[in-house]
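You will see chain A twice below: alongside chain B first, and alongside chain C after that.
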Partner chain A sequence: MGTGFKIKKAILYFLLILLGMVCLLPFLLMIVNATRSGVEIVNSFTLIPSTHLKENWDTVFEYFNLFQGIWNSVKVAVPATLLTAYFSALTAYGLAMYKFKGNKFIFTMILLFMMIPGQLGLIGFYNLCTRLHLVNSYIPLIIPAVAAPGTVFFLRQYVLSVLPPSLVEAARIDGAGELYSFHRIVLPIMSPGIATMAIMAFIGNWNNYLLPMIILNKNEKFTLPVMMATLKASTNIQSNQGAIYLAVAISVIPILLVFCFCSKYIISSVSAGSVKE
Partner chain B sequence: MKSKKILSVLLAGALTLSCMACGSNETAGSDKGSADAAAEGTTGDSTASDGAEAAGDGKLVIWTLSNDLIDFGARFQDQTGVEVETVVIEPANYPTKVQTALLAGETEPDIIVGEPKMLEDFYDAGFFADLDEFGAQDYADQIVDYVWEVGQDADGIQRAISWQITPAGIYYRRDIAQEVFGTEDPDEIGKLFADYPTILDTAQKLKAAGYRIFSSDAEMNVFSGDTAWVVDGVLNVDQSRIDYMDLCVSLYQGDLTAYANQWSTPWYQAMAGEVPILTADIQNYADDSVNVWDAEQFEEATQGMETTEVFAFGLPSWGVLTLRDNVKDTSGLWGVCSGPAYGFDGGTYIGISSNSERKDTAWEFVKFCTLNEETADWWIEYSQGDSVSLKSALEKHKDDENEVYGGQKLYQFWLGQAEGIDTSKVTRYDQALGDAWGNAISAIKTGEKSKEDAIAEFYDVVESSYPEITVNR
Partner chain C sequence: MGKKSQSNLHKYNRAGYIFVLPFVVVFMIFSVYPVLRTLYLSFTNAKIAGVGKMDWVWFENYIRVIKDKFFWRSLWNTTKIWGINIVLQLGLAFLLTIVFSDIKYKMKGLGVFRVIYYLPNLIAATSISFLFKTLLDWRYGTFNQIISGIYHLFGASYNPIDWLGTATYAGPTIAVIQTWVWFGNSFIMLMAGVQGISTDYFEAAAIDGAGRWTVFGKITLPLLKPILLYVAVTSLIGGLQMFDLPFLMVDKASAAYPSTQTAVMYLYKFGFETGTTQTGYASAIAYILFLIILAVSVVQFKVFNKED
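Moving on to the complex of A and B:
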C-alpha cells in the first residue's frame, strides 16, 4: 500500500466518478426536466427541480393512459425478447456445433440478411398483415422476432468460444438426447451471451417505433413510443415539453429493471472450470 | 440453484409462448378474429378491418397529425351521437402511416388530414375523396379563398378544407415603434416593412437608436414566397428572391440582428425584453463559448455583453399563441402589421379517405369542422386566439380585441392578410427549394462562398434532386 498505489487509485476513482457523472447527467436532466413546465424548459437550463410535476403528469394522462402504454409495450417486448433469445440460441448452437451440408451457406445467408434494413419491406409487410388479418394485433410485432440474424451471428461466435465440443460429447455418451443436452448443458453455459443479446433485444423492442406505428391503428393498442409521439403532434409543442420528459423518464424504468435483472446473469454464470483438461 | 430455477421458468415461458404463437399463426389464415385474441390473452379486439365492413354504423375514424381534431371529434360526438375515434400520429411519420394503410386498401380511417406540403402528394396518390360529389362547391364563398384553393388538386377538384387560416404577419413592439418612428399604428409600421430595401433601412434606423430589428435573420422567410418557385416546369428565381437573399446577408453582415437562431433560447427570450447581442460566430456555432440552448450558462457567458431589445418577429398567425406564452412583462406592448409580401405557413386540411365506407358521415364531419359557424365560435374561444377560415365567423369576431397586442383587432387583420394570398404561387417544391435557397444564403452570409458560387450550387442541387424541373441559369 505505497503512496504511489494510493495516488493511482485516487486518479482511477476520480476518472470513474467523472465517467459516471457523464453517464448519469442526461438521466438526471431528464428527471429534472420532467418536473418543469414547457416554457421553463425552452427558456433555461438548470438542475434544480421545479414544481410542475403534477401538471406534466396531468398533461400526459390528458393525451393517453401511460400505464396502458407500458402494459402494451410489455405485451410486445417480453414475448418478442424471449422468442429472440431462445430461438437465436438454438440456431446459433446448431450452426456452431453440427457439421452438415450447407452449414456455411446458411450462415452466409444469415449474414446477408443482417445487412438488409427491415424498413425496406414496410409496405409489403403491411400488405401481408392485411391479407392475414393481422393489422391491429401484436402478432406481427412478436412473431418475426424469432428470426434475429444479428443475434444468431453474435451467439454463434459466442458458442464457438465458450462451449468445448467435448462437453456435449460427454452428455451424448451419458445418453442425453440432443434437445435435452441443449437445454440442460448448453443453455446455462450460453446464458451470459444470451442475457447480453436479450438486453439488446428488449431495448430494441421496447423502443421500436416505426413498425407499431404502422401496424397498430387503435389508440388503446398503441405501444409506449407510439403513444409518446402523440405528445409531439400537439399544436402546443412548447407546453408539452415537460410532459414528454416525464413520459420518457417513466418509460425508461422497465429498461432499467430488465438491465438489472440480466446483468446479474452476465456476471454470475461464467462457465469457468466446467471442463477439466 | 436460484439462477437455474429462473432459467427454467424463462425457458418454459418461452416454449409455451412460442407454441401458442405458432398455433395461432397457423390458424390466422382461416380464423382471423379469434387467433390474435387468443395469443394476446385478451378478448374483444377483433381486427380493424372487421369493424369497417358495416357501413353507416354510426362510427367515424379520424387519423390526424395535430391533436386539435380530438376536441373537434369529441364535440361532434356530443352533438350527433356518432362514435368518433381519433387517432393522433406524429406529423413526421403521418404520410408514411397514411400511405401504407391506404395503399393496402384499408377502409379505415374515414377522415385523413394533411399539411400544405403533403397535400399535393396525397392528391396525386388519390388518397382524398372528391368533395365536389357532396356538393362542396356550394360552400365555396364561405371559406377564405386561399384555404379553399389550397384544398383543390391540379384539376380544381375540391379534396380538402381547413378550419384555420395561417397568414404571415410581423409582430412588433409598439413602445419601441413610438420611440424610434413616432408612431405605433400598424398601417404606418407596415410601411417600414414594405419591401426588402426599406426593411434594411428600418433596421439601420433601429440600430442607431440602440435596438435590433430582428432576433434572427430568418424572420422574413415566411414572406419570401412572393413568386412561384416553379412556373410551367421551369425554375423561377425572381428578383424578389435575390432581394430577400441580399437582405439576409446585409442583416447578418451589417450587424443588424441579435444573431439568435429561430426557436433557440435567446430567440424566445427576446420576446420578453432585453437580450444580449451575440456575435455572428456564436450564431453559426463557430464560437462555442456560448451555449444558446442553455439559459443559465448562456447568461453567465454573455455577462458584460452589450444588450438590446428586439423590435420584431415574423411569424404566421399561430405566432399569436407563441408570443402570448413568452412575452411576460412586455404583454400588451405588441402589435401586428403586414410584411413585404403575403405568405402563409402550415394549417391542417381535412378530407375524406377515398377508401372510406362512411363517406356521408365523414362529409358531415368535414362540414362540422370547417363550415359550421357555431363550431368556429367555439374554436376561437377554446383555442384562445387561433384564426378560423370561415368568413362569417371572422366577420363576427372582427371587433374582438387581443390584450397582448395592445387591444388590436387581430381577426380583421388576419382576414385582410389571408385575402392577399395568391395560391397560384404555391408549388409542391416550396419546402425543399426554400430550404436549399436558405442554405445558399447561409453560405453567402458567413463568407463561405461567393454569391455566384452559392447560387450555382443551388442550381446544381435543384437539377439533381428534381430532374423534371428545367433550370435556366
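Moving on to the complex of A and C:
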C-alpha cells in the first residue's frame, strides 16, 4: 500500500466530510442567523452569533405561539403513535399466529394499501370527516392510526421470526387466555420491533402537513407544521429574516432531541425497510 | 410449525378474529371507505361534496382530465423534478455505498456518517421549506452571499440568481433540496443490502483474486438489485405525490409557479382550495394519477426483472 493509496483514501474522507458539512451547514446557519438581526443578515454572512435573539424571539411570539403548536403536535402525535404501536402488534400477532377464514384476504388488502398512494383517498376522507362533523377535531388525525398497514406488515414478519410458538402453547397448557398471553408473553418479546416502528410512526405523525392542514382550520388547533406554514402569509415576520430562522429553529428542536436519543433505532428501522422486501 | 402444534392451535384459531377486529373496523372506515367514496365522487359533478345537489355524470370528469393541458403540465413538472431528484439521490447513495463497501479501502466511520447524512430526512417539510426559502432569497439570502463571496475571492463578480423565483431554476433547485432530504435514506437502505450479503462471497472472490470492480459488478450489484427496485418504486410512488416543498416554496404569483405546480398541488387546487373547489373533478384527477403511478410501477418492476 503506497502513498498514492493513502492520498486517495484521504481525498475520499475529505469528500465524505464535505458532504456531511453540506448536510449540517443549513442547520448551523439557521442557529447563527436566529441570533442576528434582519439588517445584519441582509448585509453580510458570518458564522459568529450576534445578540438579537431576544428581539427575534419577541417578533416570532408576537406573530404566533409556537409552543402552542408544539403542544398541539404532541397531543396528536403521541396518542396516534401509541395506537399504531399497540394495535399493529395486536393485528400482526393475530394474522401471524391464528388460521381463520379471511386471514389471507386481510393480508392481501394490507399489501394492496401499502402500494396505494395516500392522496387517492384524500377527498373521500375529507368528505367523510365533514359528514361526521369531525372537521377541526383531532379524531381524524388520531383514530386512523389504529390501522397502519405498513407497520402491521413489518411486525407480522417480525413476530414470525422472533416468537417460538411453543412459548404460547405452554401458556395455553397453563390455562392462560389468548389476550392474556399476548400481553404478558408476546408483547415483551415483540417490543424491540414495536419500538422501531413506533419511532418512525411518531416522526411521520409529527411532520405530517397535508392532512392536518385540510382537517384543521382554527389557529388555536394548528399542529406545528400547519402553524409554520402560516409564515407564508405573514409580511410582518417576512421582513425580519432573523425571526424566520428562529421560528424554524424552534420547530426543528423537538425532532432533533428525539433523534439524539433514538438515532440508533431510527437508522435500524430505515435499514429494516430495505430488508423486508 | 410441526403437525402436532398445528392441530393444537386449531381450537384457538377463532380467537384470531378478536385480534384483528379493531384494525379491520378502523381500516374499513378510514382507509377503504374514503378510497371508494373518492371513486364514487369522481363519477359525479359534485362542486363541494355535501353542498348542493350532485348528478351522476359517468366519465365526464375523466375525459376532462385527459383533455386538461394544465393537468398534464403539472404531471410533467412532477416528473421533471422527480427525475432530476432520483438520478442525483440514487447516484449519490450508490457512490457512497461503493465507497463504504470497498474491500480495499475499508473506510471507517460509517456509523457517524450515516447519522449525519440521514439527519435532513427527519425535519418537517414546512421547516425545510422556510429554511431554504430564506437561505435562497434572491437579494438577501445567505446562499447568494456565500457564492458572491467565493466569486470575489477570484476577483469575479456574481450576478445573483433567483433560485426559487425563475422558471428555469426553481424546478431543479427543488429537486436538489429533495435530494438533500432523501439521499441519506437511500444510502442506508443500499448499505443495509450490502451488509446483508454474506461475507463468504467476498472472501471467495478475494481468494480467486478478483479485482474490486469485478467484485462490485459480479457480486454487489446483482445482489443489490431487489433493494434498488424497492427504493426506485417507493421513491416513484412518493415522488409523484410531491406536494409540500413546491407548495410552500413557490408563491402562486411567482414566475416559477407554472413550472413547479405538481400534480398533487393541482389536485389540491380542485379538491380543497376555496373558490376553485370541484370535488368531482378533483376525485377524477386522484384516480388518473393513481392509474399512472400503478402503470409506471408495473413497468419499473418488469424492467428490473427482465434480466432474470
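Rule of thumb we're sticking to: the second predicted complex is superposed on the first by the 195 of 277 C-alpha atoms of A that agree within 3 Å, B and C clash if a C-alpha of one lies under 4 Å from a C-alpha of the other, contacts with A are read in each partner's own complex, and residues count from 1 in each chain.
By definition in this document, a contact is a pair of C-beta atoms (placed from the backbone, for glycine too) under 8 Å apart; a residue touches a chain by one contact, two chains touch by 3 or more.
Not measured: the values here are computed from a predicted model.
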item	value
First (chain B), second (chain C), both or neither touched by A:Gly175	neither
First (chain B), second (chain C), both or neither touched by A:Gly2	neither
Touching partner for A:Val22 - first (chain B), second (chain C), both, neither	second
First (chain B), second (chain C), both or neither touched by A:Val146	both
Partner chain(s) touched by A:Ile116 [first = chain B, second = chain C, both, neither]	second
Chain B versus chain C as contact partner of A:Lys218, first or second or both or neither	first
First, second, both or neither for A:Leu90, with chain B first and chain C second	second
Which of chain B and chain C A:Ile255 touches, first, second, both or neither	second
Of chain B and chain C, the chain that contacts the larger number of chain A residues	C
Residues on chain A lying within both footprints (that of chain B and that of chain C)	42, 44-45, 87, 122-123, 126-127, 130, 143, 146, 210, 214, 229, 232
In the complex, chain B residues that touch chain A	3-4, 7, 10-11, 13-15, 17-18, 21, 24-25, 28-29, 32-33, 35-36, 39-40, 45, 47-50, 61, 64-68, 85-91, 93, 96-97, 99-101, 103-106, 108-109, 265, 268-269, 293-298, 318, 321-322, 325-326
Touching residues (chain side chain A, partner chain B) in the complex	39, 42-46, 63, 75, 79, 82-83, 85-87, 122-123, 126-127, 130, 132-139, 142-143, 146, 183, 187-188, 191, 210, 213-214, 217-219, 221, 229-230, 232-236, 238-239, 264-265, 268-269
Contacting residues of chain C [partner chain A, same complex]	1, 5, 8-10, 12-20, 22-24, 26-27, 29-41, 49-50, 92, 96, 99, 105, 107, 109, 113-120, 122-127, 130-132, 134-135, 137, 139-140, 142, 145-146, 149, 180, 184-185, 188-193, 196, 226-227, 229-231, 237, 240-241, 243-244, 248, 251, 264, 267-268, 271-272, 279, 282-283, 286-287, 289-290, 293, 297
Chain C-touching residues of chain A, taken from the complex the two chains share	8-9, 12-13, 16, 19-20, 22-24, 26-27, 29-30, 33, 41-42, 44-45, 87-88, 90-91, 93-95, 97-100, 103, 106, 109, 113, 115-128, 130-131, 140, 143-144, 146-147, 149, 152, 165-166, 169, 172, 178-179, 182, 203, 206-207, 209-210, 214, 224-226, 228-229, 231-232, 241, 244-245, 247-248, 251-252, 255-256, 258-259, 263, 266-267, 270-275, 277
